[in-house]
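In the part that follows, the structures are each spelled out as structure tokens.
One chain, subunit A, appears in both complexes that follow, with subunit B as partner in the first and subunit C in the second.
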Partner chain A sequence: MTKISNRQLVIAFLVSRLSTEMIVTPGEMIKYGADRYWAIIAAKLVILALYLPVIFLTVRFKGDSAITACIRRNRIFGAAVGIVMAVSLTLVAAQTVMSIQHYVTDTLLNTIWSAAGIAVLIAASAYGAYKGLSAVTRSAVFASAVFALLILLIGVTMWDKADFTYIYPYFIEDGSFFVKCTLSEISSNSEILIFAVLCDKVRSKPHRTVLYYLPILLLLLELVNFIYNLILGPYLSNVEYPLYIISSLSDVVIFQRLDGIDAIVWLMCGLIKTALLIYCAADIFSKVSGSDKKNIFIVVYSLVLFGICLVISSNRAYYDYFTNLMNSGIAVFAAGFLLPTAALIFGKGVKRKKEEQNETV
Partner chain B sequence: MKKENPNFKEKSVNTINKPKKRLGFSLTENCTELRALMNNSSDIIIKYAKAGGYDIAVITCEGMINRENLANLIFRPLTERPPKNCKSPAEFFDRVASELQIAQEQRQVYDTSELCKQVMSGFAVILCDGVDYGLSMGIQGFEHRSVSEPSTHVNLRASREGFNEVVRINIAMVRRRIKSPTLRTQMLTIGERSNTDVSVCYLTDRADVNTVAAVIDKLRSIPLNTIVSSEYLQSYLEPEEPSLFSQVAVTERPDVFVSKLYEGRIGVIVDGTPFALILPSIFIENFITMDDYSHKPFFSAFLRSLRFLAFMLAAVLPGLYVALCNFHPEMFRSSLLLNIYSSLQTTAYPVFGECIIMYILYEIMREAGLRLPRSVGHAVSIVGGLVIGDISVSAGLMSAPVVLIIAATGLCSFAVPDLYESCMILRIVFILAGGILGLFGIAVAGAVFIFRLCAKNAYGVPYTAPFAPITLKSILRDTLYRVSWRKLSKSDMTVQQLSGNAKSGEYGERTMNDD
Partner chain C sequence: MKPFKMLVLIITVISLCCGCVDYVELSERAIVKAIGIDYLPDKKVYRISMQYFNQGGEGSQNQIDKTQDNVIKCVGEGENIFDAAKNASLLAAKDLLMSENKIIIIGSELQKYDLELTLEFFIGNYHSHPQAFVVAAENTAEELLDIRFKEGTTSSQRLSNLIKNTASEGKGKYRYPYEIMATLQSSTESAFLPLLKITRQKTDATVQKEQSGGGQTNPAGAAQQDEQGEKTITVDGAVIFSDRTAKGRVSADDATAVQLLNAEINEFSFAVNIEEYAKPSVTLTQITHSVKADVKDGKAVFDIKINAYGNLSSRGVIGENDTEAVIRVASLSEEKIESIVKNSVTKIKNEYGCDVFGFENILRQSCTEFYFNNRDDMAKIIRSADFNVDAAVDLFSLGLQSY
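Entry: the complex of A and B
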């Protein structure tokens, strides 16, 4: 079985999370000012709490994922957990693919037929998943390097446009906005689902992945938020994709704007995230069915995902409902927290049962 | 019923290795059988003589032996001072083998197929009437090219010696550079008909035992009849999945070969070609030359970064240009945009078509210049440079920026010669992707390319190591940046120590910390 190091998974998670951050649509969720700095910190604390069941699970069952642990205890329960997890992953994957598609049509190629765009994206991601977990996580290293380069370019070229009065630490005037922003941050962390599935693919000490990932992510998001505030200031709430807008304002010697490069970087990050999600779903089906034909699952799942994306994107009402559902963080909470907790409790239950039996004997 | 043409049954024409038949006691019969086995080939010379009162025959292959050695080391001792007072032919032959120091390389041959092989490898085989085995003497002396400067991978300050076509001379060049008992060379004979000598070289204390065994197994199982070049073996040593990038490096330089052996790699030298194979090879090595170790570290870092940039430009630049012109012109600087569009206004084709046509013309010119004699090659350059380059622009067929882009791209691809073929294909892919889908296409093609690149493992070593998976120690040691010799000499690093390397079997990821 292919195993990866926790360092690789951390980089893959960062890329995955950054892909979400690069298309953050501020609207009512993000406002200029100090709120988001605190919201990010609060969200990370909540997310750490959400990760705890998975961490305890991997420690207790010696690196097993929730599904493997459940299947070992009871096959039907394992299958049920796997299906719920796969559904949650599918929702996140669909959201990711459709957001990429919207981003592409909004910024890069407004002439592309929606279904064709979705098909190309899913095909590329499925190819990544087909090449394996190592290929996807290694690719994340290159994507993160290009992202770092982009941020550096933006930082250097936009320095003259930065206004330090924009980061004046305003007090939180409206508590509801802080809560909204925190919730948005929490719901964006779909990596918890990936971790819940892939923790048994980490070579040693999988829980360390979370311990490395969250602090680095916190710093990165604060940095990106700092750049948003510093450059966009009060306009932050009015723009759709802040990093894209900042990139379009950047001016390096060769290119007048960097938005195209931003789009390429984001697309790569998004494809890596989708590939990870597809791989996870295929891995779940492989575990539940006991079959090692993961590549077939990848192909079938990609076709199903394509169908779901087409259906959701075909109707504006469906799409809005779906977006609201995903923004509520239900997938993250259900599959990232509740399922591992259930697995953890079920494992204890089996142990207690055995102990009781031993006592009776 | 369809009859099979016997000429197409490649395996059946082999008459050398099978059936193995033991030599008999009759000299005449043995020689007749040999003649028959060799189809009475004119280059097999059988010289009958009498030595010590016994009939002998010396069998050689024309042009494969050193005539002086044949006269001085075989015929003279046998005829002038043969072993005396022998009671039987067997005793005579035993004493010839033990008392006469004819040649350093000497062995006994018991069957006809082995006899043929020895003769065709340049050995002289002595047969004696009444003895059922032969004595094979190493007096090879065929004509070969002398050691000269390699034609590829030319360096400024590194060694001027290059491998030549003789495997033994090549092994000697390696041995001269590694005077250590840990250097092991293992000779194999591959190719059912060509019986090509192939030497597998490695350092026993550095190379991974399982990888060595895997390489030797792969070499032994190669089903080819004839091997005339190392590239024949290369495809068998690589994974079966078709790939743009080779996981087996090729070098003509003994210094490069030796330095790779020090890094725990395995070298394969094939008789008849100056190009040796080194495996496993990783991506970053394509940007490293021997000269980099002669220059100052900062200059080496600059050169390596330049080569990497050249590779990126060679692969992506035309595609990016097409994508920007067609879909994202706002990315160009205003003045540049005006220039580009004014030139595009005067041309007949869209920029996508222009790029494809120009690129194909460029590749045709390159191919034509490569295969023609040098004197004619200059004419091709003139035709290419002046007629196609200049006139096509002034005639309004091509725009000047496209000619410039393709020319610059061609130049860039020569900066990394080992990746030329890969670049060629990638360039076309990116032109198509950029032309059809713009930057979206470039991003998707780039992602697929990176997925593919990252999925490769060469004998358990990730092809993208030490960048992905990350081994910081290696990245900071000798990749795009090279530390000074003082620091390099403090610690050794082999390919087995790279992150993600699975020493055998399981191709999983592993970091040095995990160990």
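Entry: the complex of A and C
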């Protein structure tokens, strides 16, 4: 079984979360002002609390994931947990693919046939999932390097366009926006689902992934939010893709605009996230069924995902309902918190030699 | 393994088929270089004029003939700007490519309407160039685009250079669409656009367009034009917007004041009126500003400080070691800057109720509690706010320093 390091998973999670920052977060959740800074902090504290069951699970059942711990207790129980987890992952994957497609249509290719766009995105992600976890996380390292370069270039080229009078010290201006924004930030952290499934793939001390990931993510999101406020000021509340706009305003000698790089980065991040989600679904399948035909499952699953995306995107009402459902954080709470809690309480780990000896005595 | 190899093969084949599907050649696109938008109140329609790159120069289809203006104008009218642009595209018989557009000119009639709605067309269109200069026209935008310049690969190049040069000389900073959208979000919904005017000057910068039948240049017309000078474009002052609509026109000095309090000025030159020293010229560089806000007796007060270093670019009759004269010139320079800023702030803020200086941002930053407690009355508070101006000029010329 391929094992990856904490560092690789942290980078993969950061890439996955940053793709959401640009293409999934609803536009109205990014507003000018102090509220979002606090919402990001509050959301990270809540997310840390939501991660606790998985962290305890990795400590209690070493080398196990939420699914394997449940399967070991009872195969039917494990299958039920696996199915709920897979459904949640599928919903997140559908949301991610449709958001990438929406973003691509809005910014780059406004005449693209959406079914073709979705098909290509899913095919590329499925290929990533087929290549395996190690390949996906290596791609994530590359994507994160390009992202860092983009932020650096933006920082250098936009320095003269930054207006520090846009920044002001305040706590919470609009309570209802703060709550909505916090909820939105929580619902954007679907990486908790991936962690619950893949924590058995981390070489050692998987809980450290969370301990590294959350503080780095907090700093990164605050930095990106700071850049938004500094450059766009009050106009930030009116734009849908702030980083794309800021990139398009950047002007360096070689590239007149950086929005092309921005689009590539976000496309890569989105594909890596989808590939991770597909890989997780395939991993659940192989754990629950005990089958090693993971690759066939990836093909079938990708076709199902394609069908789901087509159905949801065929009707605006379906799409809005689905988006609202996902933004409520239900997937993160149910599959990222409740299932690992159930696994922690009812799961069963591998008996170690010492325990076996004690039982014999 | 097989399904994946097939999948990769299919994707590869699909990607190689892109030449088989419908696409638009670059030569079939109108590469827009400048856009002018007017509103025609009689017809109640928007009229959009676009200068696009003419790729059919001499020789081959894509050769550029630098002796020509290399642009073609197309126009379109419609119920809204999008509609007008679509009609212009139909008349041009080409697909419009706006990612190279560098200038957006707003006609005088359109300035009376919501500026945010006008700019929405450019902001909402991600393919539009985000770093296009937005400027105001004295009359119609279209008449400005009718004037063609010899200089540059395309006619619009000189126009954009003119706008950039005006800013570097401190006579009014250009604005990008997003910057204007940001200032329009303030309580006063203000904006500032440099004003383009047509003047007649004896230069040979423009291409004469008056032609007689048969496409020949009319020598009589050309001679007449030479006598009066030819039509050319200058940047002179600015148009001030408040409540998203144009409220008035201001002078070049006012435009300088707005730039002094908002952006960098590379260089700012002026003559100091001292007859006995033959009116020496001062060139200021390294101009910095700071604005601090305070609340006194429930009223906002802004302290504006301007610091500048510079030199005597034309010494007049000031002697090399005449320190006293340089100190006097520096003192008068300070007075001049203070006067420019005071007059402009009084006129723009108090008379027009326009906050293009960013006072609201500074108040929010410095007096946050006061700002949020009085947010709904902010336009009134800014308008009635007091301000103090203090300029410090440090001149040095040939080793002479004022301080």
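As a convention for this text, the second predicted complex is superposed on the first by the 340 of 361 C-alpha atoms of A that agree within 3 Å, B and C clash if a C-alpha of one lies under 4 Å from a C-alpha of the other, contacts with A are read in each partner's own complex, and residues count from 1 in each chain.
The criterion applied here is as follows: a contact is a pair of C-beta atoms (placed from the backbone, for glycine too) under 8 Å apart; a residue touches a chain by one contact, two chains touch by 3 or more.
The structure presented is a predicted model; accordingly, all values stated were derived computationally and were not measured.
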| item | value |
| --- | --- |
| Contacts of A:R203 with subunit B and subunit C, given as first, second, both or neither | first |
| Partner chain in contact with A:L267 - subunit B first, subunit C second, else both or neither | first |
| Subunit B versus subunit C as contact partner of A:V104, first or second or both or neither | first |
| First, second, both or neither for A:V54, with subunit B first and subunit C second | neither |
| Partner chain(s) touched by A:Q8 [first = subunit B, second = subunit C, both, neither] | first |
| First, second, both or neither for A:A43, with subunit B first and subunit C second | neither |
| Which of subunit B and subunit C A:R257 touches, first, second, both or neither | both |
| Partner chain in contact with A:A126 - subunit B first, subunit C second, else both or neither | second |
| First, second, both or neither for A:V136, with subunit B first and subunit C second | first |
| Residues on subunit A lying within both footprints (that of subunit B and that of subunit C) | 108, 120, 124, 127, 257, 259 |
| Subunit A to subunit C touching residues, read off their complex | 32, 106-108, 110, 120, 123-124, 126-127, 130, 160-161, 163, 165-170, 173, 232-235, 237-238, 244-245, 248-249, 251, 257, 259, 295-296, 299 |
| Complex contacts: residues of subunit C adjacent to subunit A | 1, 3-4, 7-8, 11, 126-127, 130-131, 176, 178-179, 181-182, 184-186, 264, 358, 361-362, 364-365, 368, 371-372 |
| Subunit A residues within the subunit B interface of the complex | 1-5, 7-8, 11, 104, 108-109, 112, 117, 120-121, 124, 127-128, 131-132, 134-143, 145, 203-204, 254-257, 259-260, 263-264, 267-268, 271-272, 275 |
| Residue numbers on subunit B that touch subunit A, as the complex places them | 324, 327-328, 330-334, 437-440, 442-444, 446-448, 450-452, 454-455, 457, 462, 464, 467-470, 499-500, 506-511, 513-514 |
